[in-house]
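Dropping the structures in below, format is structure tokens.
In the two complexes that follow, chain A is the common piece, with chain B as its partner first and chain C second.
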Partner chain A sequence: MTTEQNKHLVSRRNLLKGAGAASLLPLLSACGATAISNGTAGRVVVVGGGFGGATAAKYIKRGNPAIDVTLVEPSKTFYTCPFSNLVLAGERSMDTISHNYRELEQVYGVRVIHALAEDVDPVAHTLRLSTGRTLQYDRLVLSPGIDFRWNAIEGYDQQAAELAPHAWKAGPQTLLLRRQLEAMEDGGVYIMAAPANPFRCPPGPYERASMIAHYFSQHKPRSKVLILDAKDNFSKQGLFTSAWKEVYGDRIEWVSLSNDGRVVQVDAARREVVTEFGTRHKASVLNVIPPQKAGFIAERAGVTNESGWVPVNPRTFESERVKDIYVVGDATVAAPMPKSGFAANAQGKVAAAAIVASLEGTDTADPFWANTCYSLISPDYGISVAGVYRLNDESRIIETPGSGGVSPAGAAASFRRNEAAYAVGWYNAISQDTWGTRL
Partner chain B sequence: MIQIHTRFLLPLAALLLAFLISLPLQAASWQQFAPVQAQIKGTPASEGLQLELPLVSEDGSAVPLSVRFTGSLAEGDQLESIRIFATANPNAEIIDFIFHDARSLADLSTRVRLNETQNVIALATSRNGRQWVAEREVRVTVSGCLMRSDEQADAGMQNPRIALPRRLQAGQPIEIRTLISHPMETGLRKAADGKLLPQNLIHNMVLELDQQPVFEARFYTGTSANPYVRLHLKTDQNAMARFRWTDQQKQQLEEAREISLR
Partner chain C sequence: MTPHKHLLHLAFAGLLGLAAVSPLHAAATAEQRQAALLASSCANCHGTDGKLAGSIPAIAGRPASVLESQLLSFKRGEMPHATVMDRLARGYTDEELAILARYFANINR
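After this line comes the complex of A and B, so read on.
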């Protein structure tokens, strides 16, 4: 049942109660029946084998192995953004952030097709692949992550990203940025253009700045980190800025939106940027994190709104716009939950439960979610922010009052070291839960 | 009897349902909102004023807002002001844009404070008293990964910034961006010791072309810290543009730029 219908059901209930005519209800709710393909427990196609999609595929199979589940993902190897900042710092290899789909195929019986999903026909319930094949679905899950708004910053397009990497999807871009940092002469400036909200991983840019400062302090001690930001506030700001002082002195400089931090123009070949009020900065290594939107397949499926993101019914993560299409992860509007891998994983489970239930013709309980974002200031200095989320009376996601919080200010070095160890523990646990990778 | 009932009830229910579907989720609230009502004379037009805000904002302390007049004015009439109101902030006023003469265009952007999820209303008024209204709902959530830092409460005006395009053309809209550093302390916020921090606002920013006031932005508690205004001018004469900010203590700061057209 779509949110539209839900909303009206609620309204109808209220109205009918008010009118003293509750007896009308049975007449009205006959529209809730679900159509399932003949013979099977239902066919589910999942697009995207990242945090949200791989989790959803696995948990649908765990919920009901008789459901036919196909995962569509172009790559055979998935590299996580989490811990890719450690790769940039030379503290980890790409191998240690790579995952594959063997467990999903061999243990859970998910059919994995390595292709790009190109189009959705929500009426015929079909998905067209880059291979020319068409898949039929009863329920579709989209977890395509993000795409970039090329040219939203003048001069920053796909070609420019080959010179001034974003490295905001892990893989070749991570390696490109790593190589540039390695090749940079000591005394250089690494400049990062950080985006306005909403974007993938709110603390990510600041963790990256930290890890690059760490690399500089070990290998290029005269080099600097300059963050040009399109925001005035950022995630865990107080903790980051005091940790930067403590660990790196004045190696890292942050320029806020109100201090002319917003980059409006990029010359990737010259590694130059111009900010809103005309300041020109020249970088030795330039990293532009551009504005983002839901992965393109979401738009093709007609589930995005004018913001470029996907509004969902938070009880089930079914699209508010198109029936039988569930969307999870970074592509959705799930604020106050952040666009994190942890959140995508949790949402994947909620969608999986809702899909299993809807194919069985039952309903699910109200979900709740947890999220923790660890960020590393250096390999042995971790900070975190945690939250628990639930639905309020209007079926909107809220942070449970009094839940979570951030790491304390002024904590002892041992506390920070422990949090860095927890970050590794978190990474290992979520990798195993999502892809079955044993680290 | 029962038979008759159900036969009537089904269409009735369908009717009710149709009615509910056709109801907008949120009734337009400018009709019920006293601070806007106090400004309205007659019936404002609902087409002609475009108000843009994000559907969801993860940082209520600086929500981008744009407003543009696309309606038509009678011969000789001219837009006088666009005022922006918040329906659920402690104070209704967000910002006023005042067009002192027709060289300033009604195409503006700024950043605003929204305490919580609410509707934002824009009201445009012409010199002849015609009015236009626009309204948008913004859902404000502070993301779990976003924690705010505190601004310094008692700072004065600093670092006025003006950005002009490199090439200015006669008769073409010229986009001008302005920014000034200032905490815009609301007077509603408590310090760590529990005492209210005194109000400290910039009152306005006036733009003059060769000593003639052309445009003015009036700031309120609903204007974000470090007031930002993006505006448009249209002129066919070279002029000296002076931007003057005045704060509540009558302190002033001025920046000048030459408008030289090609």
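After this line comes the complex of A and C, so read on.
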């Protein structure tokens, strides 16, 4: 504990705990009244200001404003992966996918600290920040997103990503890939290496291929898109492949795992890749989306399993491994829910409700989640996949039978146009719900 | 599928006064919190508390009977021009759809 520590974050109760004075425990109930009169109905620290974390912070405050909520997020501006493919296509600016934490601070009373969370001590209930400061928590929420498995593909590390961007976390990488696409001469080939499951945003690579094909069709008509894939099927595959043919002819080529699509080696400087059976491909612009795992703070907290992802209690999204740590978003094992921003937001609300109930000592409500993922084939051609999720009698997450699914095949152009318009409506709504930002 | 316990209570509770649930306060009942959690995913397209209007309409403050009949029409595939709401509405029981309708009807726009 440092002197720098916010006085708010040190309750008398925890000083007592810190003293390790078991004999003083009966006194805690007497201190409870003091704690509540100080406005501390419990302290929650949330790590990560994306769809899952920002939502959890807001909805804990909505559930009980007396709970002290601190959000730890390195960036003052958050760029969303959703709609970053439109930036790559030149259809949107970075400004239109940027969000901030002002509403969380000013309207909801969330304390926001811009720092990197470096380590967790689950026994002491503390989180150490890059600033040297240590925060005490009663409940910790981790929404750490993903990290990349550097060198899982030979030659693809952080340095290589400066030459052959992943652009799978929005921000400078998005702009780097955009500049490369702009600088590419007409007649070039954009190659994307797509990962095996599970990974962030299952339909994302195929929307990206679509949006880049759209850009090429407008500005570089002799250019091609080649997807080298580490799997044999992908999200909304039937809709994507028929739309590609319909809208882009043979501009987009997809090579499946079985057809030697899996990239095993990258030479970023030469923009070359080698696939499993030794085929060499040379790109004009090379985009490698590497294999992924939960963001590193999840490993530090000890909540990941051997797969690198985080198993959770589906009712509350509390870690299966470490008490009082809740994990939401892409980092979790929450199948059949996808790793999407929508799902992260929905999980943030379930965790928020569970945390409010646990701090108040009341019953946790039954969780429900939904998901809708829109993908754009072109700016006026949208497709979607939807799902409604609940717990079954064995407390496993299931998709409600008979619900959800993808947009119909063979729908009219007006249907696709409507879904493209709803994609924009969805983006505006989830941004407002998560950060309060309105564009 | 058997309805969950809180929802059953809620289904029989009839017209609850839910006006105070936005934002939820510490004194919210278990039933109100259950309804709020059931409804919380709706915000991802309709905005917090269903109040955001755009290409997707706001749903807050509309009569419960209208919302309920629309949700049931989506569920039964009787809504012209449905794109995704039919697929979503099929994920809820009729009772759950009624709870959602009452929840949003009781939020002031």
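Heads up, the rule we're going with is that the second predicted complex is superposed on the first by the 400 of 439 C-alpha atoms of A that agree within 3 Å, B and C clash if a C-alpha of one lies under 4 Å from a C-alpha of the other, contacts with A are read in each partner's own complex, and residues count from 1 in each chain.
The criterion applied here is as follows: a contact is a pair of C-beta atoms (placed from the backbone, for glycine too) under 8 Å apart; a residue touches a chain by one contact, two chains touch by 3 or more.
Owing to the predicted nature of the structure, the values given are computational and were not obtained by experimental measurement.
Q: Just from the overlay, do chain B and chain C fit on chain A, or is there a clash?
A: Once chain A is superposed (C-alpha atoms), there is room for both chain B and chain C without a clash.
Q: What is the contact status of A:K231 with respect to chain B (first) and chain C (second): first, second, both, or neither?
A: In the superposed model, A:K231 contacts chain B only, not chain C.
Q: Figure out whether A:G387 sits in contact with chain B (first) or chain C (second), or with both, or with neither.
A: both
Q: If you stack the two complexes on chain A, which partner ends up touching A:G42: first (chain B), second (chain C), both, or neither?
A: A:G42 contacts neither chain B nor chain C.
Q: With the two structures laid over each other on chain A, which partner does A:S340 touch: chain B (first), chain C (second), both, or neither?
A: First partner only.
Q: So, A:Q432: does it touch chain B (first), chain C (second), both, or neither?
A: Second partner only.
Q: Does the superposition put A:D363 against chain B (first), chain C (second), both, or neither?
A: second
Q: So, A:P202: does it touch chain B (first), chain C (second), both, or neither?
A: Once the two structures are laid over each other on A, A:P202 reaches chain B alone.
Q: Regarding the shared-chain residue A:V350, is it in contact with chain B (first), chain C (second), both, or neither?
A: A:V350: touches chain C, not chain B.
Q: For A:G188, select first, second, both or neither according to whether it touches chain B, chain C, the two together, or no partner.
A: A:G188 sits against neither chain B nor chain C.
Q: Once both structures are aligned on chain A, how many angstrom separate the closest C-alpha atoms of chain B and chain C?
A: 12
Q: Shared contact residues on chain A, chain B side and chain C side combined as an intersection?
A: 371, 386-387, 389, 399, 404.
Q: State the interface residues of chain A toward chain B in the complex, per the touch definition above.
A: Residue positions touching the partner: 8, 11-12, 15-16, 21, 24, 27-28, 196-198, 201-203, 231-238, 241, 257-260, 276-278, 305-307, 333, 335-338, 340, 371, 373, 385-387, 389, 396-399, 404, 406.
Q: Write out the stretch or stretches of chain A touching chain C in their complex.
A: Of all residues in chain A, those touching chain C are 41, 59, 61-66, 342, 345-346, 349-350, 353, 357, 360, 362-363, 365-372, 384, 386-390, 392-393, 399-405, 407, 415, 418-419, 421-422, 424-426, 428-430, 432-433.
Q: What part of chain C is in contact with chain A in the complex they form?
A: Touch residues, chain C against chain A: 1-2, 4-7, 23-26, 30, 33-34, 36-38, 40-48, 52, 54-56, 81, 83-84, 87-92.
Q: Quick one: which bits of chain B touch chain A in the complex? Just the residue numbers, please.
A: 6, 9-10, 13, 16-17, 20-21, 54-59, 61-62, 64, 139, 141-149, 159, 161-163, 177, 179, 181, 225-226, 228
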